[in-house]
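Common to both upcoming complexes is chain A, partnered first by chain B, then by chain C.
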Partner chain A sequence: MDQAKNFTKGFIRENPVFALMLGLCPALGTTTSAYNGMGMGLATMFVVIMSNIVVSLIKDFVPNKVRIPSYIVIIASFVTMVDLGMAGYMPALHEQLGLFIPLIVVNCFVLGRAEAFASRNTLGSSVVDGFGMGLGFTLALTMLGASREILGSYALFGFQFIGQDGMLVFILAPGAFIALGYLIALTNKLNK
Partner chain B sequence: MEYIAIVLSAILVNNIVLAQFLGLCPFFGVSNKISTAAGMGGAVLFVMTIAAIVTYLIAHYILIPLDLVYLRTVTYILVISSLVQMVEIILKKVSPPLYQALGIFLPLMTTNCAILGVAILVIQQDHTLMSGVVFAIAHSIGFTIALVILAGIREQLELLNVPKGMRGNPIILVAAGLLAMAFMGFAGIV
Partner chain C sequence: MILALVVITFVASASLGFIYELTKEPIEMAAVAKRNQAIGAVVPEFDNDPSGERYTIEVPDGELVVYPAMKDGEPVGAAIETFTNRGFSGEIRLMVGIRPDGTIHGIEVLEHRETPGLGDKIETGKSDFHLQFEGENPAEDFRVMIRQDGGDVDAITATTITSRAYCDAVRRAWNAYIMRDVDDTFDLPSTGEAIDRVLPPYGNNPVNEQFQAVHEGRVYNVYPGRRGRRFTGTAVESYTESGYVGAIRLMVGFDSDGIITGIEVLEHNETPGYGDLIEPARSDFHRQFIGMDPSAEDLQVREDGGVIDGISGATVTSRAYCEAVRLAYEVFLENKTPRRNN
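Let's turn to the complex of A and B:
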């Protein structure tokens, strides 16, 4: 497959959140601000790249019957690394994302990439795929976080541009569903 | 009294789907009919309770005494996925009708983040075994309620003339948002 196409497919056309509706739990649960969304996206991107590398390296040795459990263990090990690393170096962000860091392990999008792509392709294209898809996921979470932050607290990445309280509902749970609904409608329009 | 507070909080105030954003994949994936939504809810109730008990025992008798808490994520996910497999095999032998009813939903359970999420929350919030079980049952009831309500809304949505751009997933998400807004009305009762 053409590597450039392989890299960019995750941005809009096969975007994990907007087009495939995968990984919705962290996408809605952590995007109260653009910064949190980006942090979650980058953490997931690390896991997806690393697990794609390992899965594509071991794909010839793993018996077919136990492949899913072995992929899950590989993913879980990288998630533990991210969890401990973030707790050590970015305690404030780690506190904000909370439960959703260990839950990267059950993010269907990460396991989906391992099963659908990395277990069938070479190391090189698996890395490119993990990088592109991870970037698409980060992009989606940052966009969702940014739109919720702009509407909910009239700010972007913490810089407030109107000196008053925003529409609080977009920071709370209902706003997450509604903002994602409109962003998906927008992506559908762009995909046509 | 303590248990009543746990139950009310889990079902109405901190609903696992609508307020904590766990288990969204099945929430949108299997909510097109009320009957499948109820089946999924039953399967979640079953697996979540067993998973909470088993992971509680593992955490308190293996991980914490041996100082291996950093292995939490790896152990839990392995335990849950083998548990799901085991429940499937046992149900097939012991109770074929129940297996038939839950059948297709059981394999989906491994990647349901609500199961792992509740298992982790039970340990994080320092529950005892008994209150942990109540916590897990209450959360799965909350999950079922949200799922069945959304399925009811979706059955009605099919009859409506939705604007072209919002058809499919976008309108379902907006409906879920309004449902979450309704559940916000319960805030503060516990």
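Let's turn to the complex of A and C:
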């Protein structure tokens, strides 16, 4: 397989959030600001790369019947590592993302990559896939977070450019759906 | 198959154990650093080690941690780690600094899950909300409640619940601090004692015949009193969360006609000198209710159009007390016919 294509497929064509519609729960929940979206994206990227590596390494060793439980254990372990590491070294970000970090475990996007890609491909392609898809997820969450922050708080990455309160709806849950809808429409347009 | 699972789970738990050991210290350090920073921000300058000298105060629904601040051996105030469960989404934890005379020196938010862009304005630096409290003394005409509830605090726009919860946490801390050396606490009666005091003469053991009644989705304990086979009265354990500081729990006794025969306070966290006057040992407030028939009289404070004289300076507490009594009466009516626990 063409590795360059393998790497870039997650950006737009198979973007986990905008095209595959996977992992929408954290994508909607954490993206109240660009910084939070990026933090969540990077945490998920780490997990997806690591779980892809391990799943690809053990794919011949794990019997077919128990592969899903095995993948879940592997993913859960990496998520817990991210959770602990973040709590220790980035307490401020950890506080913001709080509840959503453990939820990476049930993010169908991570399990989806393990099941659909890493368990069928070589270590090399799995790393590239995890990296590309992880970047695509981070990109999606950062864009979603940025558009909500720009409209909802008139700010980007915490820098306020209009000194007044923004359009509140974009900070709240409905705004997440509205912004997501427009970004999906944009992705579809680009994919045409 | 089993071997594969065993190997995977073993490796996973071993590596997690390793990471846990590795991050244990930084996580604790981060928590301590955050707490120390919050303490430093809310109390006047000190030269002792408040974290090392901390102690806890038990309050009805949890405990508060007090970090005393001293300078040259003299107390300059205390930082109190307080909480509320009335937030819009979950618990809010605050560090409230109080000077020795009861003046609020500063407040920092330790933990919350309020809505970003709205409720998170309680954080220092995101709005001036917390500045309203600084330099104010709740003992001198500063009512720590939002204006909608009759207090002196301007709520954050569109964030009434969070603002209300914030005030609740501050009141909790202030009450605990003011009460810390006060040693005039009367022991509140136990359930058995309270039943004995509020019920008309009875010959049975009401605690043995206790049953639970559901009223408007909440569960109340009901203790029927009998003499022989004749039903003499009922004690209802009633409660409300609308006290000035958290919950108030009462034992209300009724005779067989529904006339109130006695009221005891089982639990409360109201302000010393004001709200705590609901305790029978402290004032005659409760006597107004005895002999009343709740179906004939409007058991509300006069401000609300009722017949009860509220405790002055403690309208919220008086109102909550009346509410608990009315609830008890409703429970009594619904469970008039005595029944036994199967």
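In this section, the second predicted complex is superposed on the first by the 192 of 192 C-alpha atoms of A that agree within 3 Å, B and C clash if a C-alpha of one lies under 4 Å from a C-alpha of the other, contacts with A are read in each partner's own complex, and residues count from 1 in each chain.
In the analysis below, contacts are C-beta pairs under 8 Å (C-beta built on N, C-alpha and C of every residue); 3 or more make two chains touch, one makes a residue touch a chain.
Quick caveat: nothing in here was measured; it's all calculated off a predicted structure.
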Under the stated touch criterion, which partner chain does A:33 make contact with: chain B (first), chain C (second), both, or neither?
second
Please work out whether A:84 is in contact with chain B alone, chain C alone, both, or neither, and reply first, second, both or neither.
both
Would you sort A:58 into first (chain B), second (chain C), both or neither based on which partner it touches?
second
Tell me which touches more residues of chain A here: chain C or chain B.
B
After lining up the shared chain so the two structures overlap, which partner does A:95 touch, if you call chain B first and chain C second: first, second, both or neither?
second
With the two structures laid over each other on chain A, which partner does A:172 touch: chain B (first), chain C (second), both, or neither?
both
Once the structures are superposed on A, label A:157 by its partner contacts, choosing first (chain B), second (chain C), both or neither.
neither
Looking at A:66 after the superposition, I want to know if it touches chain B, chain C, both of them or none. Which is it: first, second, both, neither?
second
Common interface residues of chain A - those touching chain B in one complex and chain C in the other:
69, 73, 76-77, 80, 84, 99, 172
Residues of chain B touching chain A in the complex
18-25, 28, 70-74, 77-78, 81-82, 110-113, 116-117, 120-121, 124, 165-166, 168-174, 176-178, 180-181, 184
Within the complex, which stretch of chain A touches chain B?
21-22, 24-25, 28-29, 68-69, 72-73, 76-77, 79-80, 83-84, 99, 102-103, 105-108, 111, 169, 172-178, 180-182, 184-185, 188-189
Show which residues of chain A lie in contact with chain C when the two form their complex.
32-33, 58, 61-63, 65-66, 69-70, 73-74, 76-77, 80-81, 84-85, 87-89, 91, 95, 98-99, 152-153, 166, 168, 171-172
Residue numbers on chain C that touch chain A, as the complex places them
1, 4-5, 8-9, 12, 15-16, 19-20, 23-27, 29-31, 34, 111, 113, 115-118, 158
